[in-house]
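Going in written order, the chains are labelled A, B and C, and every chain counts its residues from 1.
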Amino acid sequence: MHELTQQIVSGLATGSIYASVALALVLIYRAMGIINFAQGEMAMFSTYIAWQLVQFGVPVWLAFGATLIIAFAGGVAIERIVIRPVERANQLTLVIVSLGLFIALNGLAGWIWGYIVKSPPPPFPPTAITVGGVAFSAQDVGIIAVSLVTLGLISLFFQKTKLGLAMRAAALYPEQSRVLGIRVGWMLALGWGLAAVVGATAGIMIAPVVFLDPNMMQSIIVYAFAAAVLGGIESPIGAVVGGLILGVAINLLGTYVEAIGNELRLAAALAIIVLVLVVRPSGLFGKPSVQRV
Amino acid sequence: MIRVCVVAALIAVLPWIVPSFVVFDLIFVAAYAIAILGLVILTGMNGQISLGHGAFMALGGYVVAVLAHAAGWPYWAGVPIAALACGAFGLLIGLVALRLAGVYLALATFSLAVATPSFLKHYKSITGGFGGMSLQPVTVPAGIPLDPQRWLYYAAWAVAGLAFLVSALIVRGKFGRALRALRDNPVAAVSFGVNPYVYKTLAFGWSAVLAGVAGAFYAIPTAFVSPDTFSFALSITLLIGAVLGGIWTFWGALLGGVVVEFLPLVAQQVNAGAPSVVYGVALILVMMFVPDGIAGGLVQLARRIAPRPAPPPSAEPSPIATSAPLGAIGGGISDPKP
Amino acid sequence: MIPSLRKAAAGVCAVAFSLTVTASATIPVEAADPGVSANEIILGGTHPFSGPASAYGNIGKGIGAYFDYVNDHGGVNGRKIKWIDKDDGYSPPQAVQLVHQLVEQEKVFAIFDTLGTAVNTAIRPYLNQQGVPQLYVATGATTWGKDYKQYPWTIGWQPDYQSEAILYAQDVLREHPKAKIGVIYQNDDYGEDMNNGLKRGLGSHQNMIVKMASYETSDPNVSSQIATLKASGADTLMIFATPKFAIQSMVATAQQGWHPTIYLNNVSNAIPYMRAAAKAGGAQFLNGIVTTIYLKDPANHARYANDPGMKLYEEIMSKYIPSGDKEDGNYLYGVSIAYTMVDVLKRAGKDLTRKKVMDIAANLVEKDNPLVYPGVVIRTSPNNRFPITQMISAKWLGSDWSPSGILVDTRPMTMAAK
C-alpha cells in the first residue's frame, strides 16, 4: 500500500513534467494547428541559456527572468523567419520544417555546450519532504504549482484579454480576422513567443530533476505528446490533467503489470496516443469535431 | 522511357567504375530508394503522412535475420517472407490509420517509430534483444563470376528495379487515380464511388511491403541487426529523404535514396563540428525554396529551359486554402501547381 | 568477325597481355601494409559526434589531441600520425559503411578506438576478414577479450564490465555478508554484462539479490524504479547506470529517504557527476558510496595537483583543445588510450606491419601510462587479451574519492569465465 502511494506520488511528479511541456505544445496547436516537433528542443535551448547566464554570474532569478524574455523573442523570431515563409504550405512541409528545427537546435546546443551532463540552477530547493512515509521533493511540488499557475494565466489570457481573443480569432478564422483589422501574422508570432516562454519555464523546472544535456527533452517530448493528445490537443487544462494522469498510469503500469514491466513503458505511452487518437481524437477535454471520410 | 534506360545502364556499370566502398554505399542507396518509394506512394500520392516507416524496415530486416539465424533460410527466401509479413502489418496499421489524418497520423506513426526499439528489445528470445544478431556474409551462387559485394549490389538494384516496376504498374490507372483523388478531395472521390477504406489501407500495405524489402537490404550488407539500428531517427530520415528527393514522383524516391545516404557525409565535410546544424538548416531552406524537392526543382529547371504549353488550370483550389477551423487540420497535401 | 577486325582484336589482346605480365613483374613481392608511408601512419576510427551518445565523441577528440602532441614531438619513429575520425551517430549500419570507407578509400593502417558494443560487433567480422587491426575498442564488453581466437585482429582496452561487477560482489561478500541487494541497471548489453558479473561474483550467494529494476534510456527519470527497489527491503543498492541516470538514482534514493549502501559503477563516478548529485540530493547522502577506479580523475585537483601525468594531460588540453572542459573524463580517457596506441606503434619500430602491431598488442607490458591510476599496469599475453584488469575500490568521503585497499587484479576471475 505504501509503495503504491509512493508510485502514485512519483507518478504525479513525473506527470507534472509532461504537463508543463504539453502546455507549450497545446499553445502552438491552438495558434496554428500544427504540432511543433521542436518544442522540446526550444525548451532545452532556453534552459541552457539560463544555465549560461548563471555561469556568467547573473543571480539565479534574474537569469530566469532574462531567459523567459529571450525565449519569447526567440519564439517570435522563429515564427517570423522560419515558419512564416511556409505558413500556407501543406502539412507535410510544416512537419519537415519543425523536424529541421529540431535537428538544428539539438546540434547547436551540443556544439556550443557539449554533451556532458550539467547541473542546472534549481528554481526550487531540492529538499525532500516526507508525508506519511511517502517521499517527494519541494521541486515536485514546485513543478505542479508552476504548471497550474501557468495554466491559470494562459486561460485568463485567452478568455479575458482582448489580445487573447484576437489570437484565438486569428487562429480560427484568419480571413475574417484580417477583415476586422487583426494583424494575423503577428498573432501567430505572438503564439509562438508564448509557447516558447511556457516551454522555457518547463525546461527550467524540469532540468534539475532530469539533469541538463542536449538530449534531455527527447524522452520527455514523446510523453508530452501523449499527455497533450490524452487531454485534448486543444485544451490547456487537458494538457495538465493529461500529463498527471499519464505520469501515474505509466508508473503503475510499469510497476505492477509484468507484461509491460519497465521495458515497455514508452510503448505503453505510445499505445495511449494511438488509442486516444483512434477512439476519441479530441481527447478528454477537447470538443469532438466531426470529419467525414 | 529513355531516362529509365539511361539510369538503368548507369546503375549496371557503376560497380566497375567507382571504388568498392562506394559500391557498398550504393547498396544502401537501393534500400533507401525502395523504402522512400513506399512513402512517395503513401504520402505523396495518397496524402497520408507516415513518420513510422522505420518500423516496417525493422520488421523486414529482423524477419530475414531471424529466418537466417534460427532456421538457416537463405536470404533470397527470407526476403519474400519479410515482404509478406510487412504487408500484413502494414494493412493492420493502415486500418488504424483510417481514423487519423494529417498531423494526428504523423504523431501516431511517430509513436510507432519510437516504440519499435522497445519492442525489439522486449522479445529478446526471438530478436536477440539489445545485443542484436549477426548475419552471415552474402555468398555468391555458384557460376556467377562476381565478388560478393558486387553480387549484393546487383541483387539489391534488381529488386529495386522490380519494386519500381511493380509499383508503377499498380499506380497506373485506377489505383493511382483513386489514391490521388482521395488525397485531393476525399468527398468528391467517395461520391464517385471510390472506397476510401480499401484504397487507403492498400496504400499503407504496399508501402509497408516496400519498406520491409528495404529493411532486408539494409540488414544484409550491414550483416548485423540490433534495436538501435532501427531507431526513430531512421523513420524521420526516410521522410526527410522523400521530401528532399521529391515526394511526388518515383524519380524523387531514387534521388531521395541518394540524398539520405550521402547528405550526412556532405554535412560532415561542411562543418565537422556541428553537422546536424547544417543538416537541419539545409532542410528548412529546402522546404522554403524548393518544397517539391530535388526532383521537383529539376522539373522546374527543365521547364524553364524548354517550356511546354501550360496545362489548363486545375478546377478546384487546394484544400489547404479553405478556411477550415484551425487552418490545416485534416487538410492533406496535393501535387505542386504546374 | 571480319579478318582485319580479328587481327586487330588479337593485336590488342597481345599488347594487353604483355603489359599485364610486365606490370606484375615490377610489383614488389611483399607490398607494404596500407596506411604506412615513409613519414606517415594513418589511423582511422568512428565515434558518435551526433545523436544520443554524443558525449563520448570527446574521446575521439582527446585522441586527436594526444596524436598532435606526439607529432609535435618527433612523431613515432620519424612518422607522423594522421588520425581520421568519423561520426557514426552510434548507428551500426553507418559505422559499417564508414569503416569500409576508412579501410578501402583512406587506406588506414588500423582501426582504433571505435566506440560502442553494437558498432564494434558489426564491424568486427569485416575487419578480421580483411586483416585490419581493430585496436583498443572503446567498450568494456567481455567479448573483446574472450573471443580473440575467432577474431584475432580485435582487442579491447578498458576493464571489462563483468570484472568490475565481480569486484563489487567481492566487496559485498566481505563487508556486508548479510546484505540484501537491489540493482538498478540500464536495459542494454552494458547492464546485462554488469548483472552477469555481479551474479558470477556472488557465486552461490546469488540469492542476496532481492530485486532488479531496469530503466530505458528513454525514461525521463528513475524515481519509480527506486521506489520499487526501496519497497523490496533491499539495504544495498548497485547502480549500473550511465551518468545521467546514475545521478538521478542517487538523488531519488536520498529524496525517498532510503539510505542503502550504494555501489556506483565506474562509468558514472566522475567528480562532476557526484557534485551534481550532491547539489540535488544533499551532500551527506553520498558519503560511503563505493566505486572502482582505474583512471585518474581530471576533476580531482586535490589528489593530482602535482601529478606529472595530470600535468601533461592539462598541457595537452590547453594547447590542442583550449575550449574543451578539462574536467571531462572522456578527453582523459582518449589521451590515455592514445598513449597505449602510440606505445605499441613505437615498439614496432621502423618496419611497421599490421601483424607486428597485433603481436605486440597481444604481448604488452606497459607500466608508464601517465593517466591510469598509479600502479595499474597494462598487460596482455597470448592467452589473456584483457589489457586492463586492475581496479581499486574507492569510497566517497566529503568531496572526493578515497581509495581504500589495494589495486585488485581481476585477471584470475576473468580468465576463469571462459
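Points worth noting:
Methods note: a contact is a pair of C-beta atoms (placed from the backbone, for glycine too) under 8 Å apart; a residue touches a chain by one contact, two chains touch by 3 or more.
Note that the structure is a prediction, hence the values are computed from the model and not measured.
A count of contacting C-beta pairs for A-B and for B-C identifies A-B as the more extensively joined pair.
Each chain gets a centre from the mean of its Cα atoms; the one farthest from the centre of subunit A is C. Centre-to-centre spacing of subunit B and subunit C amounts to 36 Å, using the average Cα coordinate of each chain.
Each chain gets a centre from the mean of its Cα atoms; for subunit A and subunit B, those two points are 31 Å apart.
For subunit A, residues touching at least two other chains, in rising order: 107, 110, 222, 263, 266.
In subunit C, the residues that touch at least two other chains are 50, 187, 216, 218. Among the residues of subunit B, those touching two or more other chains are numbered 114, 118, 121, 275-276.
Note for the complex: subunit B touches subunit A at residues 43, 49, 51, 96, 99-104, 106-108, 110-112, 114-115, 118-119, 121-122, 186-187, 189-190, 196, 236, 239-240, 243, 247, 273-277, 279-284, 287-288, 291, 318, 320-321, 323, 325-334.
Partner subunit B is touched in their complex by these residues of subunit A: 29-30, 32-35, 37, 82, 85-86, 88-97, 99-108, 110-111, 171-176, 222, 225-226, 229, 234, 263-264, 266-267, 270-271, 273-274, 277-278, 281, 289, 291-293. The touching residues of subunit A, when paired with subunit C in their complex, are 2-3, 6-7, 10-11, 13-14, 17-18, 107, 110, 114-119, 122, 126, 128, 130, 135-137, 208-211, 213-216, 218-220, 222-223, 251, 254-255, 261-263, 265-266. Residue ranges of subunit C in contact with subunit B, taken from their complex: 49-51, 86-87, 89-94, 96-97, 100-101, 103-105, 117-118, 121-122, 125-126, 129, 187-189, 192, 216, 218. Listed in rising order, the residues of subunit C touching subunit A in the complex are 50, 52, 54-55, 57-58, 187, 213-221, 223-225, 227-228, 230-231, 243-244, 247-248, 251, 254-257, 272-273, 275-276, 279-282, 325, 328, 330.
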